[in-house]
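So, here come the structures, one by one.
Below are two complexes that have chain A in common, paired first with chain B and then with chain C.
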Partner chain A sequence: MSLRTVTPPDPQTLLQGAPPRKRRQLRRAGESYGFLAPTLILLFVLMIVPIVMVIGYSFQDNVILKSSSEFAGADNYVTVLTDPAFWKATGNTVFFSTVSVAVHLVLGLTFAMLLNSPLISVTSRAIFRALYVLPWLFTAAVIAVLWRMLLSPNGIVNFLLNTDVEWLADPQLALGTVTFINIWAGYPFFMVSLLAGLQGIPQDLHEAASIDGASQVQRFWNVTIPQLRPIIISLLLLDLIWTSQQFALIWLTTGGGPIDVTEMLSTYTYKLAFANYDFSLAATAAVLILLMSLVLAVLYVRHQKARD
Partner chain B sequence: MSTHRRTRSRATLLTGIATTAASIIALTACGSGGSGSEEAGGDVTIEFAQWWEPELPDGEFRSLIDTFEEENPGITVDLVSGPYASTKEQLFAGAASGTMPDVVGLDGAWVSDFAEQGVIADLTPLLEDAGFDDSQLVSQVKVDDSTYMVPVVNFVYPMFTNDDLLSQAGVSAPPETRTEFSDAAKSISDLDGDASGWVLPLSLEAPNGVQNDVMSWAWASGGTMLKDGQPDLTNDDVTSAVDFIGGMWDDGVIAPGSFTMKEQDKVEEFTNGRVGMMIDSLAHINLIRETNPDLKFSISAVPAADDYTGERGIPYASWGIGVAENSENKDAAAKLVSFLMSEDTNSELSTMANAFPGNTGSVPEFVEDDQLFKTAFDIYQAGYPANEFVGLPVAEELMRQLGAQLQSAFDGQQSLSEALEKAQTEWEGEF
Partner chain C sequence: MAITTQRRTLLAKSGVLAGLVLGAVFAAGPVLWMLSSSFKSNTEIFELPPRLITDTFSFDAYAAILTNSETLRFFFNSYLVAGAVTILTLLVAIHAAYAFSRFEFRGKRVLNVVIISVQAVPPITLLIPYFGLVVALCLYNTYPGLIFTYMVFTLPYAIIMMTGYMNTLPRELDEAVRVDGAGSLTALWRVLVPISIPGIVSVGIYTFMIAWNEYLFALTLTRTTEMRTVPIGIQLLMGQHSYEWNQIMAMSILGSIPVLILFLVLQRFFISGLTAGSVKS
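For the complex of A and B:
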């Protein structure tokens, strides 16, 4: 057993303060945090505080609208998770998101490869690129109004097809129709990103594969796709996160109807908050959506880290 | 460290501190909003949040308020104007944070929720103190026997009929009974072309079609959807109205696209001559005339059940007004309410808005100048304003629930009586 001895401070250090090297380090750290502070404060105020508040609301009753809110434990979670409408909305969201993202990828890649073809002149490529990217430039409200008019029973689509189909109002067709509209609105993002990726693939790889006797299809699967893989995974994860949170397009085209066939988690939560004024349940649904999105976000971050 | 490096380092540090300080100031500025009323030197400023100013001809509402300020020196009115949806969100946020403007424009559908929260004041004692006789009011919206909203102007929903389509279908006069209506609708739908007899918007995004286009059939025959203030959707009044609509659905006389159709789509269908009849707000008369000047149309009361001879309820929507409970200047707020409800001002406001007055003695000018409005005013005076959704809790959600059940029934997934029973159960859960 040994006794620890306390060394008395050096009187010289006490007189002169911290050694210059330490001071410099402190100052450098201060500077760094000074520059980081605006971002940290904004993140805290605009992200951390609201998220913590919403999580807090999800464990209380009668929040926001009444002053007498009480701790409700997991009651709100039980209510939401046992609500058939929540699961219906979850199912619709999964269908809407996965189909949208899959078709976004196929369409985006197809158009990107067409635009990347050496058969197209530079001018034609610029014109087609501008045309194809147009849907991505419209806001959700414009897209919704546009397609509502096109697909109305008296609209141009029925006129051209010589049909009288209620594309958005028929319960059997509505989910497919809103998914189609979302696909139309979102594929340019894939197209532009994948075109940039395609243009970055060294020509040597294709040439080498050709010399080895690889066909067009083999070159696509063994050169193009592996080279695009990191971009494709990032795009898929990002698009899945965005599409699963799509609200404006659904709300403005069908409002979650007919009946409940296009009800998504976003519209379900909105209705809880702004039609039922039940902000506790809305917060609970929002937390559940956050958890689902978090899984995708973690996958995305891990993928990005792996790339780095 | 050289002097130059030290100066640069200090400058960098100062820049960092300044940026941080600026962002804190900016955030603080974002958080601190001006609110409510203030008092300085005996003068008061009251805030009046509404969606009316943007819907009225430019500057007319402000000039009306200027008149109030001239008549009441010492009171300044700060108009907080925005579209309907923004006003709604602002008021709900204000109710939650206790920063509601002194005077608020109200929709009848919000009253119950605000009254339950205790954020709007009982108007009866306030108007009494302001020397206003409330017997002049056409109607008052009450919750638990206290008046929380006064309808300033009313937009009624009569039946619009396309004269040309009706005459082509061999119908000489607008239908007055349900049987006449369904016969006329069938005749119009049977015509060559793509016209439908009637239009029924049942969108779940804006579910007010349930109020204006479904429940109006029950109210027009003196019916009700409530019993002692509680839901009563399975009674004979509602059942017969819904069965009547279901019959027309089965006959295929309702314009396609109902399940996602909104009020503006309905007006568009009628304006373009694609439907023969609709139930719609009088406020759209000028819009229809401007969009299709060649369209000949008439206005009449919503048809009643064949054997009904009593007074007809006519659906309406209101621009209502109320006073915030947290207002520090309730006296001034009550004076503004009294001013807007006074006979002359109310005539002027209803003329501006093409709406019917909330004061029994007021007569809007357009009634004397325009035959269609005169007819509508006669219908209004012959019947009574009926909108049982006014004052109900989560009124919009109630409409949405019934709308979804009706959609399910029209789609063949259940019978109409099952739809009403399920909606009844859902409504009971909300009361």
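For the complex of A and C:
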């Protein structure tokens, strides 16, 4: 997990600076392109060109490393889409992402509600909050080496559980283990956002429900959850986008192994390019991943627009 | 009646506290163990039964990291790359945010959609063409190769956050300067930028953290040990010294300290920013 996930951006922010005086603004419109020029150039070079390139690569053979690239039509797509390893990686990515995201929500909401409880003092709330945020502050490389030490066959986890298990090397356990590590690394993002959300729920809603005789459980489902719903959906979509792209954590814990049990779409694509040096197939897989991410991105932007 | 209520509150209170403590062990236990291991000698890391503080408690592992020119180079590289990314991102984002916040122009909606969707593009998708581009432009294994590619992650956020900040500042301030005959650029740098300092600092810190933590591009777009950044350095440490766990943990902690400090500085902003973004009726 990275600090990339600090705050769900509001897609309307850029459109909110609406000018008051129309005519003068139009005269100044040309000027604004000057201010935007560096951004436009960078977006063109870093975004438009690469995406055109990667799509181009996916329809050719022998790209990047050889000078004799030739048009291949849809051959690369047929190769990737009929590769069982691709589908295995897709399945693993879906499992890893959906389980991570679902548990992130449950843990994040539980911790947020515990922290928001009126029964604890302000000081203990601050201390616990600081402790709960900790996993968020470490980069994937650190989280990976830390858990490799904790989960080592003679490490502390096996000692505490009184087991003797190769958590990251056992084909039965490895996928569950990396998912667990990712859950540990990522729940604070939900917790912090949901805590802010909980604190924003007007107290009189809870009071009104209490007066009407609603129990705590009823208030949770009929007041808290509906109030948090927009935030929860944003968080779920963002986390799904980011988790499905996770590379460093997998690469540094299992490298996709043992065999292929923790192979994700990201590690699969990386290996095609930098282990097999088949950049054409890697580009094809990369385009397919892009398409999947775009579906999630469209859902996210739509949801955000509906919110505003 | 009063007693039962009291007892029930007490029970609920201890329940909440028990849950909080349990959660804290889950959240902070691993971090505590990382810290503890960094002070041990390597043979004590996996001793049984495990002890939090051992007899040989020492800063040797930290000393080993901080006196090794190879690992120091990782830190130098990370500071250099993250620093350059931060400065360049801020310069570009301040101008773009000014345009978004104060001007109406053709293509604003399209550009908005582009900037938002850039954030959903998977890094692995960009990596393949970036590798081709960076090699073709002779930027492979160089600082500029990393600095420019990192900006694809930092710029969209920086523009959105910076625009959000400028939107909260009254436009009369910079309008007044412009009416006095000064150009837009003067209005931006003389008026808007000075009063935007809190926003600029926040965006800058945030940008720095993204760049500091980046792994995939650093792994792929650099090759030699003297060009590697801290996250790659931690990984290299694992391979080189047949698992000197105390040094790996010390390096991990040293590598996390800049982000921890910056997070503390930014905490207030993070929380208020989240509240502003998430609580809408």
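General observations
One rule holds for everything that comes next: the second predicted complex is superposed on the first by the 281 of 308 C-alpha atoms of A that agree within 3 Å, B and C clash if a C-alpha of one lies under 4 Å from a C-alpha of the other, contacts with A are read in each partner's own complex, and residues count from 1 in each chain.
Note that in this section a contact is a pair of C-beta atoms (placed from the backbone, for glycine too) under 8 Å apart; a residue touches a chain by one contact, two chains touch by 3 or more.
Values in this document were obtained by computation on a predicted structure and should not be read as measured data.
In the superposition on chain A, contact is made by A:Ser152 with both chain B and chain C. More residues of chain A lie in contact with C than with the other chain of the pair chain B and chain C.
In the overlay built on the shared chain, the residue A:Val106 is in contact with neither chain B nor chain C.
Contacts of A:Leu42 after superposition on the shared chain: both chain B and chain C are touched. When the shared chain is aligned, chain C comes close enough to touch A:Phe138, but chain B does not.
In the superposed model, A:Leu119 lies in contact with chain C only, and not with chain B. In the superposed model, A:Pro171 lies in contact with chain B only, and not with chain C. When the two complexes are overlaid on their common chain A, residue A:Leu252 makes contact with chain B and with chain C alike. Contact with chain C, but none with chain B, is seen for A:Ser193 once the two complexes are overlaid on the shared chain. Within the superposed three-chain model, A:Lys271 lies in touch with chain B and out of touch with chain C [touch as defined at top]. Residues 31, 35, 38, 42, 45, 64, 148, 152, 154, 251-252, 274 of chain A are contacted both by chain B in one complex and by chain C in the other. Remark: chain A residues 2-4, 6-11, 13-20, 22, 25-26, 28-29, 31-33, 35-36, 38-40, 42-43, 45-47, 49-51, 53-54, 57, 63-64, 110-111, 114-115, 117, 119-120, 124, 128, 131-132, 134-135, 137-142, 145-150, 152, 154-156, 159, 184, 188, 192-193, 196-197, 199-200, 230-231, 234, 241, 244-245, 247-248, 251-252, 265-266, 269-270, 273-274, 279, 282-283, 286-287, 289-290, 293-294, 296-297, 300-301, 307-308 touch chain C in the complex. Residue ranges of chain C in contact with chain A, taken from their complex: 9, 12-13, 16-17, 19-20, 23-24, 26-28, 30-31, 33-34, 37, 45-46, 48-50, 91-93, 95-96, 98-106, 108-109, 111-133, 135, 148-149, 151-153, 155, 157, 159-161, 163-164, 166-167, 171, 184, 188, 206, 209-210, 212-216, 219-220, 230-232, 234-235, 238, 245, 248-249, 252, 255-256, 259-260, 263, 270-271, 273-275, 277-280. Across the complex, chain A is touched by residues 1, 9, 12-13, 16-17, 19-20, 22-24, 27, 89, 92, 95-96, 113, 117, 194, 202-207, 255-261, 265, 269, 274, 394, 396-397, 400, 403-404, 407-408, 411, 413, 430 of chain B. On the side of chain A, the complex with chain B involves touching residues 24, 27, 30-31, 34-35, 37-38, 41-42, 45, 64-66, 148, 152-154, 164, 166, 168-171, 174, 251-260, 271, 274-277.
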